[in-house]
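What follows is a set of structures to go through.
Each of the two complexes below includes chain A, the first together with chain B, the second together with chain C.
Take a look at the complex of A and B:
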């Protein structure tokens, strides 16, 4: 068994690394970052993931155009970065590009000075300032304006830049080795040392995630308990096989197609507004100790598993029907055993195998799929944290949650396989 | 089967016991609604309206803006400051802190505390740039040698918001915020010099203080967010609630202050329930769980007003707000550098229709960045005559990009009106609805032809530079790229004009200048929608955000 677990873990490792890498890449390339706000600039996304690494490249190697240069990384914080990249494409000479960027910067300063001294018109100033850092005008640089002598000298310098048609080099990919000095490496080393970093508010990500996770885990646990209820319900419905049971089965089947958040809304409306049984803010009261009745978790848990109970019931019923047609059941019945006796002693055990996989597959669904349900009931779980982090581009938290969920998902599948082997030794999963 | 029956029995028993809990009365607690978790409650770094509301209950400034009269009132200061303009053109405000004003341990609040708060504000390593910009004209602080509660603030030049900006300067205790005394030898002069050659990576005591000040400890830890206000931030469960508790031994408990609501602290506990989902908020309202709530969606507000059950519990208030919405044209890199095209579009905007259909009547049309209730609102600016621009046709081959942030139904409706207006001029338009952060990014990069925006104001004289000066084109809020020497000079003059009559004349002229260029089409001002329990019906509601003082409840 240990060998089997070790093998599974090893097999899982590459996909885990791929998940982390993809989420990392996604975070660093998604438009808009946490520093953007209505009023102030507080930092940049790279700084937020690993503090003070803003100048570093993202990964151990970079796939860049043939004429790329590491100098462009130094400009990562500058609004001239894109312009420099384009200039390099046209010139191919990194020294010329560096000089040109310096010239553009100086021209921009000189232009502002001229404008503040009233020597140039506002419209010209605005157009020129915009053009200096705008890709659209890169080939028409510089803009000819009347100005003082120093400004004319700067324009002359700008004009000296030679545009060669090296643009084709931009389309030839080339791998550049960066080494350990990259953002990903530093992030991973901190993570291995137990430091998950800080969120945009400076709070420790690990604490944030695990506080939220404890609530989601509790909700998932209650949901799982409710899901187990599918067994007695299915067996009971199978044994009675009356008109009422058929009606219940039909009803359950229709619930499969209704999403969880609809159930959450229905339950909330029904219990809090129609029946007035539930305090809509009960989960907040629980949190601050005004209420101790954790039984209310049954409501969101119900919304989480209701469609799943119907699915499980269907699976178990089908399995029971298959088992009942087998020879050993016919023999037992022929020997005079009661149907109920055969069901509980022999058939049930054999019918539960699909249930094992289904229930272990439910664990990741419950943990990662609770987003909207948590939101509707105001439970500050992992789903709620994830939504807030996505909205605020709180990438350290997003990566942390992805990291945690990928571990849990992989472990729950592994658990399913282990349980399957324990309960059904004849099945060789590895094969 | 037996197990199932036992389970059902247990479930029913628990449900029953839950019922008794939900009906429990929690005492003298005021419960209010918060739509999101504040990023920080640091008195110098906070940015949202919610955090401002909480910070004002826990911290105090020298003076504050009276919500009901819109005038300045003294808070920590004994009276409004004496004002003096020197021969060198400098401005001086002399304050005296109230004799009784003290920190929670009884230590008096002195001019030294004001100096420390100012020093922190001017430390460039601290994430308080938003507030710093309004106080940047303060040159020095002169502490009276005979009275440690008396001091003079010296401003480099006259500045219209000189005193108003002090509302944002919350006085903080150096023993809490700087226990290692890293800022001990600082002065405003030194800090201003330091800021000129600012290197964020230079390791010194100021950087160390900045790091500490910006850390979670001083941004979110309630143990360290203590001020001289009537309330302490007792608990902050992130994304759940914030609990404020009234201090038993507050310095202002026994002082007599007339007509200053900032000294009212009626509720023992104030709970800010952070409820992000509107369905849950609705449910909480229907159950009477919230005592007061603002920003009720317009359609919901109307529907609640007709709900017999709700009107038994809640009173409804709608007041004009200093918030306005507008269309901003990209006048630099787009099609709309032609003023006639901008005016043609403006002529097609029916503001009354927008107020009626989009705001359901909760607003009023406006034609300027100045609120229509202000005396210097230029009433001569009116709807552009459509007939003047009837010959203008838009290029049918270009598609005009209208930028809005997603999830804002109001802006979506306005965008649809705008699309129709453009169509009527023979043009084509496409609405680009983006997530908030992407929207901000695109707006900053001016990646739009028209952006639909919202801005806020207050009764305080407007600082126009941030949104209208050409220096704000690249890094400020001048999204449209408006401005020329004339407008810049006028903005600079307004900022320095201390004579109200003169200033108001200049404000009117500026509105006329903007109207002539039409970089923006101002649409309407919005009304705030507030629901509060009937027992609080006597509480005054103001047009100034946050529209009420929670201590009054």
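Take a look at the complex of A and C:
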């Protein structure tokens, strides 16, 4: 048993890593420019996405040319970084490259100063700046920069840069260990320490997500209770075998393929519009404390589990029918036991175990299904928050929700498999 | 076959043909100015609207039929893509198992080296010199000439089953719906990309079933006989194995089609659509959420969905019972 659990955990690990890496990739590739700006002032907007460490390397190790130097990561501006990398590739002398980068920086500062004083024109300024930081011009050094006399001295320094023919070193790949000072490490540690950043309105993401998550969890709990209650009811339906029970079974069988968001909409329509019992905003009022009638949670929970109950009922009916054709049931009936007695004393034990484990498969369905149902009923839960932030393009919240739900859902799959193995030790899950 | 199932299938097919004709006629849905800015049930503005209009004054019948054909088209394309992935991997894992395909060690080395070469070419891409481009090939040539005869005679088996099974497990424990929303949002794909994302996330269950079926069929004597006769693997797979599991494939395909149609509708309900146009049943249902008294916005798409899905799933169940 322990061996199986260990094996299953080991197999779960890749998907866990995949989830973490995927959400990290989402963080890096957020559409729009706010996240990618190197400005410290806008850094607070997307703390979870870029924790002010954009100039650091991505991961714990990186594949770089043989003559690469870790100094390149200390350059905070990315276009200088590329330039320095190329200069280093062609010269090989790290000190010279450092000096050259400093010179280029000084020259551009001097240029900017001249431009602000009005001594050079805008056209020349733009041309010179692009010449200084453009990769195309690097190979054709000494740099031919036009312009006025005051920075000719600086240009002399720039042109003093010497090229050694070390180009062959560029073609030898080498793995460099960077250590903890990288974006991924900082991102992960801030995630684990609970510093999930702020959303676009300046509210802390973690608090937003966990207040919403408590509501989703409550809804999932109520739905789970309803689903568990469905098992004895469908067993009871099997024993009654009257016209009404047949009608109910027929109804459930035909409605098995109707999705839960249609049920939710229909329930809402019936209760809020036709019968006028339910206030459409009742869940918002519950959230704000104007109302204390928590029984309304039964309505969305009912919509959530309805297709599952129909499915479960169908499965239980077939399973019981198969079990009732077996010999030991015939013996028991021949001895004079009532059908109901046989069912509760013998048959249930043999046929109900699969359904205990199938309940655990409901957890992921409930969590991801709540996205639609919460939206429809206006429950301020995780699904509602997700769609609201989708509409507002509130990426830190979206990434936080994705991360949390992914971890929980994949854990519940794991739990389901382990429970299945405990209840059915004979069945070997193929390894 | 049940009488009701027949009626349902006739309804489905006629709806499909109607929507196709509708697309061919390419009737444009224009705003009815008389009804703009108000929800209206069966109404006569500038034109007659049998199903009523939505808030902007668009005809709902037009939305209903063109949305249906778009969703069906989407679901079909995704179905084809995911079926191709599922079939390929399922047959690889099921038929070749862990000892089906053997490779010479030399070929394996060549393969790995080729991959390394391609990665290396990407590595030097910023400023490639022409001569350097030939370096990987030179390395490979030296490897070949090192000890050719020894490697030629030794073989390794490729454990397809083990690789693909662990792929199933990794893909199976990812939360599909949430990931799908995020991927569509972040990658901002066009229509084809949308179809690709959906099919990559939904092939796993089908592939598992195909693998199990292939393993079941593989043990039959006629497969052994065919192998003994020297028939090639590819021909055995096409002629014998796929022929024998086609009924199961058909059943799973019908279920998958219904589920994909549903998935498309629920994604459209949230406001994510692959086609770029916002005409679909899910979109009409989302509009209903803004005004609960506009009952016709709920009634027609939900009845449409129900009447489309129930015969479809019943047909799948009927075929399933027939094959077993």
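Keep in mind that, in the parts below, the second predicted complex is superposed on the first by the 250 of 431 C-alpha atoms of A that agree within 3 Å, B and C clash if a C-alpha of one lies under 4 Å from a C-alpha of the other, contacts with A are read in each partner's own complex, and residues count from 1 in each chain.
Definition applied: a residue touches a chain if its C-beta (ideal position, glycine included) is under 8 Å from a C-beta of that chain, and two chains touch if they have at least 3 such contacts.
Here the structure is a predicted model, which is why all the values come from computation and not from measurement.
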*Determine, under the contact definition given at the top, whether A:406 touches first (chain B), second (chain C), both, or neither.*
second
_Per the contact definition in the header, classify A:268: touching chain B only (first), chain C only (second), both, or neither._
both
*asked:* Is A:254 touching anything from chain B or chain C once the two structures are fitted on A? First, second, both or neither.
replied: second
*Have a look at where A:126 lands relative to chain B and chain C in the superposition and call it first, second, both or neither.*
first
*Does chain C touch more residues of chain A than chain B does, or is it the other way round?*
B
*Using the touch definition from the top, say if A:375 reaches chain B (first), chain C (second), both or neither.*
both
*Where does A:364 make contact in the superposed view: on chain B (first), on chain C (second), on both, or on neither?*
second
*Would you please give the residues of chain A that touch chain B in one complex and also touch chain C in the other complex?*
31, 265, 268-269, 272-273, 280, 375-376, 387, 391
*Considering the complex alone, what residue numbers of chain C touch chain A?*
120, 123-124, 126-127, 129, 132, 135, 165-166, 169-179, 181-182, 185-186, 188, 258, 262, 265-266, 269-272, 285, 288-289, 292-293, 295, 298, 302, 305-306, 309-310, 312-313
*For the chain A and chain B complex, residues of the former touching the latter*: 31-34, 36-42, 115, 118, 121-123, 125-127, 129-130, 134, 136, 198, 200-204, 208, 211, 229, 232-233, 236, 265, 268-269, 272-273, 276-282, 284-285, 287-288, 290-293, 295-296, 298, 375-378, 380, 384-385, 387-388, 391-393
*Which bits of chain B are touching chain A when the two form their complex?*
1, 3-4, 7, 11, 14-15, 17-19, 21-22, 24, 26, 36-37, 39-40, 47, 127, 129-130, 214-216, 219-220, 235, 237-241, 243, 273, 275-277, 279-280, 283-284, 286-287, 289, 332-333, 435-441, 444, 470, 473-474, 481, 483-485, 488
*Within their complex, state which residues of chain A touch chain C.*
11-12, 14-15, 18-19, 22, 26, 29-31, 63, 86, 89, 167, 170-171, 173, 254, 256-259, 261-262, 265-266, 268-269, 272-273, 280, 364, 367-369, 371-372, 375-376, 386-387, 390-391, 398-399, 401-402, 405-406, 409-410, 413-414, 430
